[in-house]
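Every chain is named by a letter (A, B, C and D) in the order it is written, and numbering of its residues begins at 1.
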Amino acid sequence: MTSMEAIIFAIVSLIAVVGALGLVFAKNPYHSALWMVFSFVGLAGLLALLEAYFLTVLQLIVYAGAIVVMIAFVMMTIDFRKVGGLSKFVPQWLWGLIISFGILIDLFILASKMKIDVSQSGKNLAIAGSNTKALGMELFTHYLFPFELVAIILLVALIGVVVLTKREIK
Amino acid sequence: MENYVPFLMVAFILFAIGAIGVLVRRNFFVVLMSLEIMINSAGLVFVILSYFSGTVSGQVFFIFVAAVAASETAVGLAIAVLMYRVRHTVDVTEFSMMKR
Amino acid sequence: MNQLHFPILSFITFWPLLGVFILLFINRKNEAAIRIVTFVFMLVNFLVSTLLYFHFDPTTWQPQFVDKIPWISSLGINYYLGIDGLSLFLVLLTTFLSVVGQLSTWSAIKDKVKEFNIIFLLLLTGMLGVFESLDAFLFYVFWEFELIPMYLMIGIWGGPHRVFATMKFFLYTFTGSVFMLVAIMATYFLFHHYTGIYTFDMFQLASHPLPYNLQFWLFLAFFIAFAIKVPMFPFHTWLPWAHVEAPTVGSVILAGVLLKMGTYGFLRFNLPMFPNMVHTLGIVVIVLAIIAIFYGAMVAMVQPDWKKLVAYSSVSHLGYAMIGMFALNSQGMEGSIMEMVNHGISTGALFLMVGILYERRHTRLFSEYGGIAAIMPRFAVLAGIITLSSLGLPGTNGFISEILCLIGAFKANIWYGILAAGGAVVSAIYLLMMFQKVFYVKTRNVKNLGLKDLDLRETFYMGICVVVILWIGIYPNPLLSRMHVSVEHLLQHVNSHSEQITIKDVDKNLACGKLVKINAISRGGL
Amino acid sequence: MEWLLLLCVLSPAVGCIINGLFGRWTYRAAGVIGSTFLGISFALAVPLIIYAIQGHVVDYSYYHWIVSGKFTVPFGLRLDSLSAMMLGVVTFVSFMIHIYAIGYMGGHKGYARFFTYLNLFVFAMLLLCMGNNYLTMFIGWEGVGFCSYILIGYYYEKKTAADAGRKAFVTTRIGDIGFIVGVLFIILYFGSVKFTDVFAQAHMISPAIITIITLALFLGAIGKSAQFPLYVWLPDAMEGPTPVSALIHAATMVTAGVYMVARSAPLYALSPTGSLVVASVGAFTALFAATMALTHFDLKRILAYSTISQIGYMMIGVGVGAYWTGMFHLMTHAFFKALLFLSAGAVMHAMHGVLDMRLMGGLRHKMPQVCIVMIIASLAIAGIPPLSGFFSKDVILSEALMLGHPIIWLVGVVTAFMTAFYMFRMIFFTFFGESRVPEGMHPHEAPSVMLVPLWVLAVGSIVIGGILGVKVHGHISIEHFISLTSPNAFPIVHKYSETLLIIISIIAGVLGIAVAWLAYIPKGAFSFRSFVVRTFHPLYRCFFNLWWVDEIYNFLFCRPFWHVSERFLWKAVDVKVIDAGVDDVGRVAGLTGRAVRILQTGFINNYACWVSAGALIICGWYLLKIM
């Protein structure tokens, strides 16, 4: 890793982690949403560092853009005065914290033990210099069937959402 | 770049932070957002391994993960709206209809 | 091989599903049409299945009329149907009893007719699949599939305690099935470990028996599954419940076909796959079977409820089948298969008898009956012949199977034969008592006086049973000759692996950490 | 010839099917149809018997009945001297009884049913006698048992009749287990059940096995032929219609055991032990049953005990190895005992079903012809020359003595005395003395359709013994005939003067009649009887209560069996242990569920925590393993 890359890595990962922490610990959910955008931008930076340029764009547009807006939009339809006086954490927050740290430790051990073949590192990620083209080739040849499945999942989710929200509440 | 451990560490830290958010927060919307973080960190691991093993498949999976995450968010929000209409709250501790 | 060049087994298995599809389009109010359509479908199924009988090649043990299509080839799972001498008559029995049983429901099932017939057709598919599949995985699928329609049949059209009975039936047999699933999987992986082939083909799995200590546990697991289904002595208590609460046709199918799956399972799994254990643990099975013969008969004798009596008599009768099977000689084995077929017909017909009177009087207690012979003479004659066949009178089908089982048992060990022969006395006692309590003596109950004798439909289906009973009793050779080669092949296979081991050896092997090895193998396989 | 034989055997079956299927429409004609087919059978039997007398043997397997592995059971018939004799007896006597039954059963409900059963019985009996292997024989063996069951229970609306039928079937089935076990041994050691194969190999099998086989087969004979200790069903079987008692429980079915032993002569000949058991059981039964007949008042039951006793004689005959004597007695007995039963039936018919001799007396004026034929039959059974019973009984006793069984001979002679006594006690009680007929009953002579068979049988009872049993040119024709198939098994050990033995047995018979006369006819008879009864009071009570055998069986076997089944096996073991055990397993699952339910808080946070904790633990475990 060159020093330049290291510096960029440090910055973007810091952005991602801080954003995530802000999301979790902000009292106001609107602030959380904003922190999420922050974190996602950091993530997009990481993706760019990994030469997944198409995904970087995707991350910025879909996540940091569409999804956050959607969440914020839905939150606005809800009257937050009624949920005022809400404390931030559940009563069993300590357990949640412990379990999360446990998972973190697990994952760290895993990371330290993991061995992957890095000889191909950074190769094959682009066809004729275009990451998007490589991705497209892979997606619409090898992964065509799962891709269609994902489409169905999206459709199902769409229908599900409509059904759920249109229902009359007695 | 040959050292993938830092990248993984970041992904894992994000995952753990997301888990904390899911497990400890009361606000349903924050829980949903934390879930997004967790899912994204998982997707990130795909991309990391894709890069270091020199194949573009991982990136494809990131697209799938993103699609699933989007569906999940949509359904989650729908549920949130519905719960709010029923219970007039978005406090997850109030969502205990499964009991009894 | 398939001598008909037509997937006849797939046809008869899935033909009922077409019936289900057609029934969906018939108005539920039009009950007559529903009954007739179902009947026609079952009749066609039966008639087509008789082709199996006529085209069966009795000179080979290889599976015949084979339909084999790769299903999940990476796991060695095939859609593999085929029959041999062991299963041919069970398939025919199934199609036959379904026709007879369906006829009996015309007057017995009055509500939810459409649902009932749909379930019955589904049940038929499941049962045929069990007897036809030669792929262990497919077998298991059908084995579980058949449970559900039966569960619904008892649970919806049953008697007052139907929910309890059906839960007991379902959970009990399902517990057995779980053991079987585990054992099938273990056999599959272990077979791969020792031969390097992933396969669920039953014949292939049997071709290389596993080491003894593994056989021991697998035999036990399969034994539990099938012993519950048969049911063998200590596992039988679901049977009276299920029979008593089931509608008539449910009892007929339960006794006639479902119980045979247990004995058939022994023939298909326990005997060929774990031959050494058959020699080692066979004595346990035989002792349990002898207990079952006497115990079932003695408990049947004192029952005040007609259906319970017949239910316990099944326990007793299938004891003969088990003894014959584990006698490990051709007479015993052929007797055992004959006993399965004959028990299906005779006991099925006995349940039909109960059902006919139950429809008229809505009770099954002996104390309510008496003197029926004078009121319903035609019924009494048919019932008498059926009782005799259950009793094993020479000239009826029951005798053929009983004597063959006895010869087999006797050849295996003189005492088995003598003890099993003693059971015949008890069976005479309870069957004659049953007949006397219902048909003889002057009726004391006014309600019995006006009972109508059998109508044409009832005479027909009872008469058909009687004809089959006499036919098998007088000329059983067409059946015996068709099962002969398969039986010989199975026996030769089992007897070529006759080295015995003691339970002690198994324990020792286990203590040496063999289980760890199994574990490692299964992980490697996954 | 073999097809003639088959036709002869099947003819009653055809009658059975016609009457059975069309009984509703043949109502009046059922009897005639049944008798016609029997007549055909008898007519066909005549040439067959002549063929057999000429020394021919027919042994033909019509088809393979059961083929399993190397083991084959043919369905085949065999005509040789032994079965030819049975063929003659069975077809003739049943033909007579069918004709009699036309009159006797006339007007009964289920007339066609009766003839259906009767024809079926004859068919089964012919299969039993003519089968050329043990399993074909067994079809007949069980078939006659079953027919006996339905015919005893013919008046099924009477509980006693139905019970008696069941008792008969179950008791004989106990014996049949023996038969089946015997056959199983034969299959195991001989590999075939055909008589010819078995007898040809018999000398190659160890004697111990042969003894087991003979004893097992004899158990079957004990059940079927009502020998001690399985005789208890026969007296109860008298609940059936009288023609049934005459045909099944006197002339044919109950003698099947004797026939079977004679048929298995080559086996019994190799086993002196087995033969001795046969003879001893026969002798004991003869005496034991005779004692019970002494004091009874029921006309038909006396005859039943007498039948048991007489079959005991036949068993002595076949047991000592002189098979022809047993078969000879079987034949004469078929005639005179059928005659006795049919006469008793005529009396019963006249008395509207009353069988208690205390309600009879002086009937000789009302029904002289029946009286005469009954006296003829009684003289025959008492062994008074020159009636048939004399010849057959005498040869049994003399052969028993000469073959070295003096005790059995002595028992036989005593029994002969008792037989004469109780038969004439019955005659005197029924036909002589004052009339004790209740008011309103008008006994009358039997109709001619019943009388004709009686007289035919009476003539048979008189002459058949003389024709077959007199020594002409140094040999007895029946001995010669039967010995073609079943020659005498053992050599004669002692020679006695035949004249002396004949005189002894005649004395025994005459003495019995004289004592009966003394006890029932003269003026002081009553006080003589009461003196005897008082003197031998304990013995009299034993006789009168039939040695309490039924009660003992009930106490020792029937009730414990029932109680063990009901109280122990069903209500305790099945319901309280096995089934409850199964339910308890289910209950444990339920309780576990209730315990685990505490974890179900309903808060999704908690569920999320559990899921994560689970993931943590599983991952951690795997990680620990790879570390």
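Heads up, the rule we're going with is that a contact is a pair of C-beta atoms (placed from the backbone, for glycine too) under 8 Å apart; a residue touches a chain by one contact, two chains touch by 3 or more.
Please read all numbers here as calculations on a predicted model, not as lab measurements.
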Partner chains shared by subunit B and subunit C (touch criterion as defined above): D
Distance between chain centroids, defined by C-alpha means - subunit A, subunit C (Å): 58
Intercentroid distance (Cα basis), subunit D paired with subunit A, Å: 95
Rounded Å distance between subunit C and subunit D, as computed from the means of their C-alpha atoms: 38
Euclidean distance of C-alpha centroids - subunit A vs subunit B, Å: 6
Contacts with 2+ other chains: residues of subunit D: 603, 605, 608-609, 612
Touching two or more other chains - residue numbers and ranges from subunit C: none
Overlap residues in subunit A, where contacts from two or more other chains coincide: 90, 95-96, 99-100, 103
Interchain pairs in contact, sorted by label: A-B, A-D, B-D, C-D
Of all residues in subunit B, those that touch subunit A in their complex: 1-10, 12-27, 29-30, 32-34, 36-37, 40, 44, 47-57, 59-60, 62-64, 66-75, 77-82, 84-86, 88-93
Residues on subunit A engaged by subunit B in the complex (per definition of touch): 1, 5, 9, 13, 16-17, 20-21, 23-24, 26, 29, 32-33, 36, 39-40, 43, 46-47, 50-52, 54-55, 58-59, 62-63, 66-67, 70-71, 74-75, 77-78, 82-83, 86-91, 93, 95-97, 99-101, 103-104, 107-108, 111-112, 114, 116-125, 131, 134-135, 138-139, 142-143, 146-147, 150, 153-154, 156-158, 160-161, 164-165, 167, 169
Subunit D residues within the subunit A interface of the complex: 603, 605-606, 608-609, 612-613, 615-616, 619-620, 623, 626-627
Subunit D-touching residues of subunit B, taken from the complex the two chains share: 19, 22-23, 92-93, 95-100
Contact footprint of subunit D on subunit A as seen in their complex: 90, 92, 95-96, 99-100, 102-103, 106, 109-110, 113
